[in-house]
């Protein structure tokens, strides 16, 4: 079975694993105040050109999203996001469990835009019953989105501008940011400049686990570690996150992994297109969503794992193939051959 | 200014007020364990043909909704409701503030149906990522709805059946139930038989304030008063609720008020129809939503208060006129004349 | 049965009731933006010499406490209070239900002091594991306390000073403030000057219900009505609160009621002392806690209701007698005679 | 610097690390449904003689405590625990953040007993205002406690008996259970038999991270994975937990590590005693709390890290030394020599 069902099927990239093994017997203080976390923080601040930013390492995406959002909102506020956003669909109500409504906006291929955000705010404050409704309190984007699409720098600039005018903190979920950096014109310094908080995901880019949250808003960064601890996000052996991110950031490994995930996905994409299978969504990143004739499902499932996404019509089904840091040229070759032969 | 903007513009119906005045100097124990609350409980249980039901008196609808839902759900569960449901739109995220997602379903004229509920559950459990999504844990209906529409007994029977099969407690928000009883074929015994919990609203039917929550599910009723207290819903001078509900239930006053509110609304409805103003929604109860030519707004606003509901097109606006216990024959006569003369 | 068990056994003071009856048929907008609420706000601001203060009317004490505290704290913060404070003991965890720990301090006769607050903060920030502990985020006092005792102006000044130095908002629960004004040297302008938020309670001083929350901190007042709505505290017929508070504040009625409650309580206190029954706590307000020989309990319980507070030793029990706006000279005369004859 | 400040200063035990390295390139499904997690579950059920138990792997203790407690309690309930319990002192209000009060009981050397629990319940239900107070809803113990002490089997039996009579689920925090098994007469089957839920901690016993939660109560186990996900506790690469626990449970490695931690701690203890330094608490496990003359602090701090626990008097300070899986004979030898020479 060759696994394309998600981008977290295997362990760590060899360089990450080696860093963990090499440092295993070092004795460090706990909870993220060790030398490895500190070095990784300095590296990431430099990469973001944000020397004052707060950097916090968490173990997973749901935890990062919940902690950031809970830390940002006042009780009567909600978070604007695409209806397909991870926090709205696949976190078992984690945001609501902290008391906040997810204010879902209609999304085109997983994305929302500046106009929607502005309109939502205007309509909220224009409504005479505004105090009876949840106040929009921040904006959540994912980049890449849950559908593999990416924002352009121009789109992000426009969103950021609306957010600042409306005094809405802007948060970018970068669980797959390594791919986003490879497939869009948005850079780390752009994110640091345009957002109040974002994260660079490691779990889906070759770490055992780990997300690096970058907070450029001093008000939000203040006391953030309390809230991190409250949400169970302060790993006792915090050095594990520091060690992994040091290796991930060293010599652009994160960029290299992102590029490689995207490159293999593009090979798959061409194979789908050449086969005449339409794409459910136009994704330039490591998630590809071909629409298969139902007859192709069975044969492929015998050798490959992938995710059934949505029934498109009686005879066709959209599915998701994901590449990861460990997807090999050979894995993709094999799948391409099988597609061609179907 | 004659007020049609909502059904809580005036104080209490004379019989309610008289009961409060008459009993004012009695000394009673606090928190709803007095003789008046106890009598009102007995009367309501009898009217519902539910001798074992728990009956709790709360001051308002948001409080009733929040307390009932928080008492019912486990942390990973959400409440299914119409997208136009009060808990989804006009309670400032009160449900989310207790940790639960509102699972909004598309609604036709404010109503949802048995098929939608069943389908939602089936799709939830069919999804391989079900544990990553909020579990449907109960169903919330409002009857009448926020748009004045009502369920039929057959519709409620069907919903109840699905709920029992799916083990979803069914909760009916009866903030305007007095009108619902007047305008549908659903009776109090039906509600007690088909729901796990519902309430008979007093605030919008001539009480100063007060909602009577009827709980037929013993599991839900158990320890309900703790949760009532936790949500600030246990009125110190609880007897005020008992006294008002005694008078409200006595000799069918609640039915009479409901009928009168509906009767005046029907007079208005006929006037709109005769004028050729279409109705935004087909409401048989005390809320009427005519679509006015924009030119009619100004003249009417000089003498009457009403609510602007929605811009329908460039030249027309849907508005809401509400009748209440205190809406007089003369109030409606005046408005009808003015409509005719426009 | 003459009731001394609490100060909310009867309805409203005649002047309050009269105001409700007189205004009953007026039609007003809902939710506290009517002319009566507005007038009462202006009166209270003037009495507090705080022309800029926000004034919000809520129905009860638990609701007021929960709403204010939830509106003030960030998620990782708790509220410092006396271990005997109402929020720590008798609100079914309402504060915790909004996500916040109550940080209980040892209390002497229901009171805490400036030194304790300062020490708690110093120890918190001195502890190397401070981020693993709940951060003190505000201070809650009750005045009078749950034991009837009061703060002096000097004590409140000292607490306020520590709070400002430590950047801790100071909140005074004034559920029985009418008595506190009668029995301490603290005035409404003092409270407005020294606190960030406090309330003047009506429920225990002759209103049907109602607490007037005064917020002098603009940051806290901002968006407070959203949170009020979220917690079910925005009464539909909000005018009921405005009407009652207008009457309560008019010509110092609230002061008069407070004085009268205290005066009757002092008559009781003298009777206890003359009988040789020690006082469990030295209360100058409307709650009195004599320690009775157990043999006296039975005879008194036949004619009077009162609360058993605490078993003091095998032969003695502390009990609580409360006077209220409706306690008459004759009620107290009867009890005094019975005490003397025991 | 030789580190004795806590038991999570180093990485993983060599056997654990080897297992991670060996399995690194395997492709597994995510979220804990892989073959390694499944095997570890089977092993742990067998060791507990609890073939039906639910077993869930979480990354850390705060997360485990929060998830278990949130999954167990209804909104009006709190959790009984020792005042020194981790959930009461060092989790930044994580329990309160889920809406529940921690009901702290006075503790002797970190432990509570059956009588206290029973008395608390009796007093709760005897109090006429019981509905105004948080209902005791479960019991939390830590074994070993935060002070290194352990329960005896007889003590745990007695507590379990009260809990069952009072219908209170019993939860044992076993963050340091490996040491508890080495230093008490309580076994895994005892825990499975007497508790509703407990966990075997890996983080403080040689894993990179990981706690294995064992749930013997079917009601609590039902839907537990939803709540796990909601609290950010469902690790994407869940196999990391399975792999580590397989190695930890294999051939009794967890017992061996526990014994070794305790053995080195006992050597330290004897050195303290021989030096004439009294022990702050009588701990038979890997945390030792000698009371040092202040003059000894400086010299020791130059070569060793340890935690300052509490100032005992003007001239003495209690400190904590922790041994871990990686504490060597030589580390302890060095410290013993330095103690002797002071």
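Here the chain labels run A, B, C and D in written order, and each chain numbers its own residues starting at 1.
Going forward, a residue touches a chain if its C-beta (ideal position, glycine included) is under 8 Å from a C-beta of that chain, and two chains touch if they have at least 3 such contacts.
Just so you know, these numbers come straight off a predicted model, no measurement behind them.
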| item | value |
| --- | --- |
| Starting at chain B, fewest touch steps before arriving at chain C | 1 |
| Far-end chain from chain A, centres as C-alpha averages | C |
| Pair sharing more residue contacts (C-beta pairs) when A-D is set against A-B | A-D |
| Interface numbering overlap (same over half, different under half) for chain C and chain D | same |
| For chain B paired with chain D, centre-to-centre distance based on mean C-alpha positions, whole Å | 49 |
| Where chain A and chain B are represented by their mean Cα positions, the distance between them in whole Å | 42 |
| Centroid spacing, where centroids are CA-atom means, of chain A and chain D in whole angstrom | 33 |
| Contacts with 2+ other chains: residues of chain C | 75-76, 91-93, 97-99, 131-132, 135, 226-227, 229-230, 234 |
| Chain contact graph, described as a line, ring, star, complete graph or other shape | complete |
| Chain A residues touching chain D - in the complex, by the definition given at the top | 1-3, 5-6, 8-12, 17, 20-21, 23-30, 59-63, 66-67, 91-94, 97-98, 203-204, 208-209, 226-227, 229-237, 239-240, 305, 326 |
| Of chain C, residues touching chain D in the complex | 75-76, 78, 89-93, 96-102, 129, 131-135 |
| Contact set on chain A toward chain C in their complex | 31, 70-71, 74-76, 98-99, 131-132, 135, 223, 225-227, 229-230, 234 |
